[in-house]
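The following pair of complexes shares a single chain, subunit A, combined with subunit B in the former and subunit C in the latter.
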Partner chain A sequence: MCQVGEDYAEPASEEPPPRQPGREQKCVKCKEGLPVVVIRAGDAFCRDCFKAFYIHKFRAVLGKNRLIFPGEKVLLAWSGGPSSSSMVWQVLEGLSRESAKRLRFVPGIVCIDEGAACGLSPEARAKTLAEMKLILQTVGFPWHVVALEEVFDLPPSVLRCFAQEPVETEGAYKAAVDSFLQQQHVLGAEGAGDSPSLAQGEEQLSWPCTQDPQNPQSPDRPPTAAQTEALSRLFDSVKTLTAKEELLQALRTHLILHVARTHGYSKVMTGDSCTRLAIKLMTSLALGRGAFLAWDTGFSDERHGDVVVVRPMREHTLKEVAFYNHLFAVPSVFTPALDTKAPEKASIHRLMEAFMLRLQDQFPSTVSTVYRTSEKLVKAPRHGCAASPPGPRCLLCMCALDIDTAGAALLSQGGPPSLRHRAAVLRLPREHEGLALRGPPATLHLGRGPAPQPELLPQGLHRAADPGVPG
Partner chain B sequence: ATPPASRSLRGSVSLGDEAVCPGIEAHDRAWRGGAELLFDGVKKHQVTLPGQEEPWDIRNLLVWIKKNLLKERPELFIQGDSVRPGILVLINDADWELLGELDYQLQDQDSILFISTLHGG
Partner chain C sequence: MTSPRGSQGVVGPARTRALSTSGRAAAQAPGSRRRLGPEPSGSRSPSTRFRLFSSLDRAACVLLRRSLPLLPRSDPAMPAPQCATCHKARAALRRPRSGRALCGACFCAAFEAEVLHTVVAGRLLPPGAVVAVGASGGKDSTVLAHVLQVLAPRLGISLRLVAVDEGIGGYRDAALAAVRRQAARWELPLTVVAYADLFGGWTMDAVARSTAGSGRSRACCTFCGVLRRRALEEGARLVGATHIVTGHNADDMAETVLMNFLRGDAARLARGGGLGSPGEGGALPRCRPLQLASQKEVVLYAHFRRLDYFSEECVYAPEAFRGHARHLLKLLEAARPSAVLDLVHSAERLALAPAARPPAPGACSRCGALASRALCQACALLDGLNRGRPRLAIGKGRRGLDEAGPPRDGEPERAPAPEAVPAF
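Here is the complex of A and B:
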């Protein structure tokens, strides 16, 4: 009770209460077990409860979003790192369960060898690949290892957004699940054998897979020295680490999408964790990508049309991932990245990562607050149309251009000086010889005309000697 | 009786993860985690800490590690008197937050594991 004039016994503390969860504390879930890990701001879990909590989160994220249909082919993007490795392991365990809640899709794994972009020697790349193949063989899903150099062989069709499938309704998902269960029941009655994970009609998918199912047109061969050299030159020509990171991401995404399309996968799963997505959200803001936060950090990303990217690890923090992988022996392969050992201010990504993690250290709800904010982001279609806007798209990130159509029309006529300085004009040649970018790449707009030079320079430092468009 | 603090302490300091993949023989394991890059690539260090007046806690251990084990770029591992944010510390396979973090008093044969979460996705 407050009384006027009465002193409080002690002044109100301004610091958060000191964390003193001693070992005498019991698991907050089962109240019995000895805790081994502290999650969030002080919840101590024992080993078994932590495992259940971790697995449940993975299932819940998939379950509540209801985007992955039974029997659907889903490509798992595996970098070798802890988050994507954990994701692959969750899928592996989830598919092998003999319960009604078993995961029901058909997985494959894609792994992009980015060694050339990171300056790794061929020997180091080969060694890493060998380790990865060991794990891939153990996991047993069909797998595709693709060198980043193959971006040079991508057809221009990757830059087109294919027509979106109509949005599935609640009823459609339930109907699909019911029909799938009925099929399984029938198969079981006919003694279809012990391949419970095969959906009907997917018999051509070899299971388990011991070979390397590359595109039948191009047999498994390492990239040529010329291609590796070209990729190194490309990345060397990009002056800042920030731009290199963004370029790497764009190329990696294009390549993964291509693999997905070529092999009939309609979904791609990436291992982005809660922590990573919170950092990505802040980084994207700093990079001027505020308009696309919902796609960049949300659970599902439909910008590519026919293939949807989903992020099932988005509710797991990096700490949870690291602990789970350690406690339950999830294998992963370390590969040096572009920013390995880079100092804190080397790029916007690094700076933001340091900022977020330091803040998280002091205030353990930082990451989750940013995450909850990102959950509220709505993908508002422009001009109120329900389907994806048919307008022009950025060729690097494939998001719809956020410039006015009136401005775009002016641009193709070599419009007013202010617009010219802000946007770049892309020349898409008829014979697909190559792409060229000009000007500061705030946005890209598809134009028509001959290509000045077949070199991709995302910083737009290259100036074409084309009298047609003033720069 | 001799106070424990003046006896030397033996234990291990490990970096990154020693996860075992079922079905793979021990000699095929080559998992690397990233943190060992700063320690000459050595993943596991058997360590004997000299007996001293003050008790050995994690705080002192970090100072010792910086002086004796860290080969390069200390700021990537240590920040102030603690580890850099993003690096997890496990003491005998348990979260150090349960054991007092920097104030935990080391015991003989303790195993300290540092996991960098900053790598990979």
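Here is the complex of A and C:
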């Protein structure tokens, strides 16, 4: 009933209850081990098979899309939460020498301290920071901890969209892999001591294991009180929690991209899981971002030009992530966010999250259905609409504006808000002005603001003798 | 909010509880305050009354009642402002989207002007059109018919009322009585088309009986929606209409978008949005003039114009999946009032992969109507019903539907099943 093309039993019907992994049930994969976790609709996995399944998914997503070139510098955006911690852990394990088919890129970690936006005290922030540094040192990649206050120091160039790089073709990827392998082979033949470090053969980047992983350029000083004050003022001036969350996301994205550009990273990996992406998709729909869903929730997001954001965790559900972290002791740090402890109706994001998770209880395929729909979205203007050259871009999210005057005829009544738009003026054709009852007036303005005032026609109500509507 | 669980199975909130104005309210002076809320009327059966007070239903009532922006009668702390348009009468409400304070008459005029603008700017109903109004007796179609009647001289169109009798006992007969009263009051010709006549004796009650008891949901709305669109088309042809209009409002469109996303119906998402269908392949062009009006404004218009309509929910409504979407939409609207229009805006600009789009439609081999496959969906559903396998055309498996092939109990195929009739 829920899903097109599928029949679903009513929840209260006599469907056989999902079988608990009991003594007699074995792992569905290896048929030998005792299962420890049930994934999807009743697939029980034992510990080893689950680990293999999880890692395989991560590699498959990366390999299928062929966007990460060997030797490339990739920045991992780590928030401390379970999904991004899991991602960092996967990268760590994938780069180690023991793993089959090592990953071949050069990682760094960035962590944004958003305490000021969430209203945390400096002591709480320092404590969280200390915990994070502990984990970062264990992981061992070069790391950068940036406070959100530094967004005030960003140069205006972050808002300019850089020229798009040409799309890499299949041949280019293969060629890059081949050349990388050749270099490896050459270096190995030269007989240098095998250091366990990463990116052998990458000429501009080599760090022997003795180097202090902390990047010497990232300042270790806490932000000034004035900056913190300015940031809290900024967030207090935003009235609704929905808008605050959107603002925070925009600022965070710009900051991460700035760090990536400054330190020469060409890719950024974020830890959005399948569940989070499904919720994000529905939230974006409700916020009016239907035109940009492919960028917001797809695997790769190239709207910033030189730095590409990828989402390798997009096929892992939150349940899988949670179980993996628990079973294999992946360290993570809890940081309160803007909507921690917020009531369910406080923002669109919270509403959607609660709704999706509740619906998922009843119809277990909800999240995967929404995810599959998101895979069918493409990064293009809608078929038949706006074949014009790319127009101006939004300042905050760098997407092409989705207001066009042709379609705007319908949206004149309290039209949809967008972050930045020009007020488009729509004129009624002259032949219809006589048809107006008491309005609409000859000009209508899109966007927020009071509805246009209907004016009384001085000559009263009469029907203009026009030949008729063309077309 | 309590989650929709319980012995009733999937519970969906009722259709928005509208104000049932009727003749007895005619004596009130304009602009005076009316007590809002679901007024019990004598026509309700006890079973409906029980269903009315399911928890979600009441929550939706309360949300609507609290959110209707009627200004209080007199409040010494804050005297009601003047109407922003005529500056003469005291303002009776604030418009939900713009926040302007208007008196009743000016609000109705603004509402009519906006509908006129929608029709004119989208070139939906050219002069000389014979327009069949799908009249169900509910608030949307009542308001639609009334507004179109007011605008008919200016647009140069003539109206016909077409009502569809699905054969749902205890619901549709009462609604039809309301439609007949309206037709008499407006002096518009009314045609009633019944499922029983068109579809070989299959009323919705018979369909529900046929699909019940298989351990699955009855999917009544699937049958009813497809068959009703066919019935509307037939009725419109009977009266010689050139266009069909239905009373879908902005909230309906937003719910449809949410529902299609949650169900993963990429074909409908690709087809939806926009103004309606232009009438390809011999089907009559359809449109929805109230598409940009929010549900609250429709209710307010009916209130100020004292329209008589039928405000019960369908007997099968609590099972519908749309109930979830409706509940979510009410919450979203409370959090951010522009969410409704934002959803419609999003849906219009969705970019789906070409593979996900529905194929270009052809003609049904049995009835000649618009169809994506050999059989249109209405014929396919009826086929399944007649063969005693009502779920034949629903879901993945559409085998055995081709007329040549005998009915088989094969494995359902994995192909997605876009619906054939261009449903909204």
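Following the convention adopted for this analysis, the second predicted complex is superposed on the first by the 341 of 471 C-alpha atoms of A that agree within 3 Å, B and C clash if a C-alpha of one lies under 4 Å from a C-alpha of the other, contacts with A are read in each partner's own complex, and residues count from 1 in each chain.
To be clear about the criterion, a contact is a pair of C-beta atoms (placed from the backbone, for glycine too) under 8 Å apart; a residue touches a chain by one contact, two chains touch by 3 or more.
From a predicted model like this one, the values you see are computed outputs, not experimental measurements.
Participant: Regarding the shared-chain residue A:Lys174, is it in contact with subunit B (first), subunit C (second), both, or neither?
Facilitator: neither
Participant: Between subunit B (first) and subunit C (second), which does A:Leu134 come into contact with in this model arrangement: first, second, both, or neither?
Facilitator: Touch partner of A:Leu134: subunit B, not subunit C.
Participant: Mind working out whether A:Asp361 is in touch with subunit B, subunit C, both or neither, as first, second, both or neither?
Facilitator: Both: A:Asp361 reaches subunit B and subunit C.
Participant: Quick check for you: in the superposed arrangement, does A:Val330 touch first (subunit B), second (subunit C), both or neither?
Facilitator: first
Participant: On the A-aligned overlay, A:Ser79 touches which partner chain: subunit B = first, subunit C = second, or both, or neither?
Facilitator: Only subunit B is touched by A:Ser79; subunit C is not.
Participant: Which partner does A:Thr240 reach: the first (subunit B), the second (subunit C), both, or neither?
Facilitator: A:Thr240 sits against subunit C, while subunit B stays out of touch.
Participant: Which chain makes contact with more of the residues of subunit A, subunit B or else subunit C?
Facilitator: Higher number of touched subunit A residues: C.
Participant: Quick one: is A:His56 in contact with subunit B, with subunit C, with both, or with neither? Answer first, second, both or neither.
Facilitator: neither
Participant: After the superposition on A, what does A:Gly271 contact: first (subunit B), second (subunit C), both or neither?
Facilitator: In the superposed model, A:Gly271 contacts subunit B only, not subunit C.
Participant: Kindly list the residues of subunit A that each of subunit B and subunit C touches, one partner per complex.
Facilitator: 358, 361
Participant: In the complex of these two chains, what residues of subunit A are touching subunit B?
Facilitator: Touching subunit B: residues 19, 21-23, 25, 35-38, 44, 79-85, 127, 131, 134-135, 138, 270-273, 275-276, 318-319, 321-323, 325-327, 329-337, 340-341, 353-354, 357-358, 360-361 of subunit A.
Participant: In the complex, go through subunit A and note every residue touching subunit C.
Facilitator: 1-15, 240, 242, 281-282, 284-291, 293-294, 344-348, 351-352, 355, 358-359, 361-362, 366, 369-370, 372-373, 376-383, 385, 402, 407, 409-417, 426, 428, 432, 435-440, 444, 449-451, 453-454, 463, 468-469, 471
Participant: Inside the complex, what are the residues of subunit B that reach subunit A?
Facilitator: Counting only subunit B, the residues touching subunit A are 16-17, 19-24, 28, 30-34, 37, 73, 76, 85-86, 88, 90, 93-95, 97-100, 113, 115, 117-121.
Participant: Going by the contact rule at the top, pick out the subunit C residues touching subunit A in the complex.
Facilitator: Against subunit A, subunit C makes touches at 1, 3-5, 7, 9-10, 84-85, 95, 97-100, 109-110, 112-114, 116-118, 120-123, 126-128, 151, 153-156, 215-217, 219, 257-258, 261-270, 275, 291-293, 319, 321, 324, 328, 331-332, 334-336, 338-339, 341-357, 391, 394-396, 416-417.
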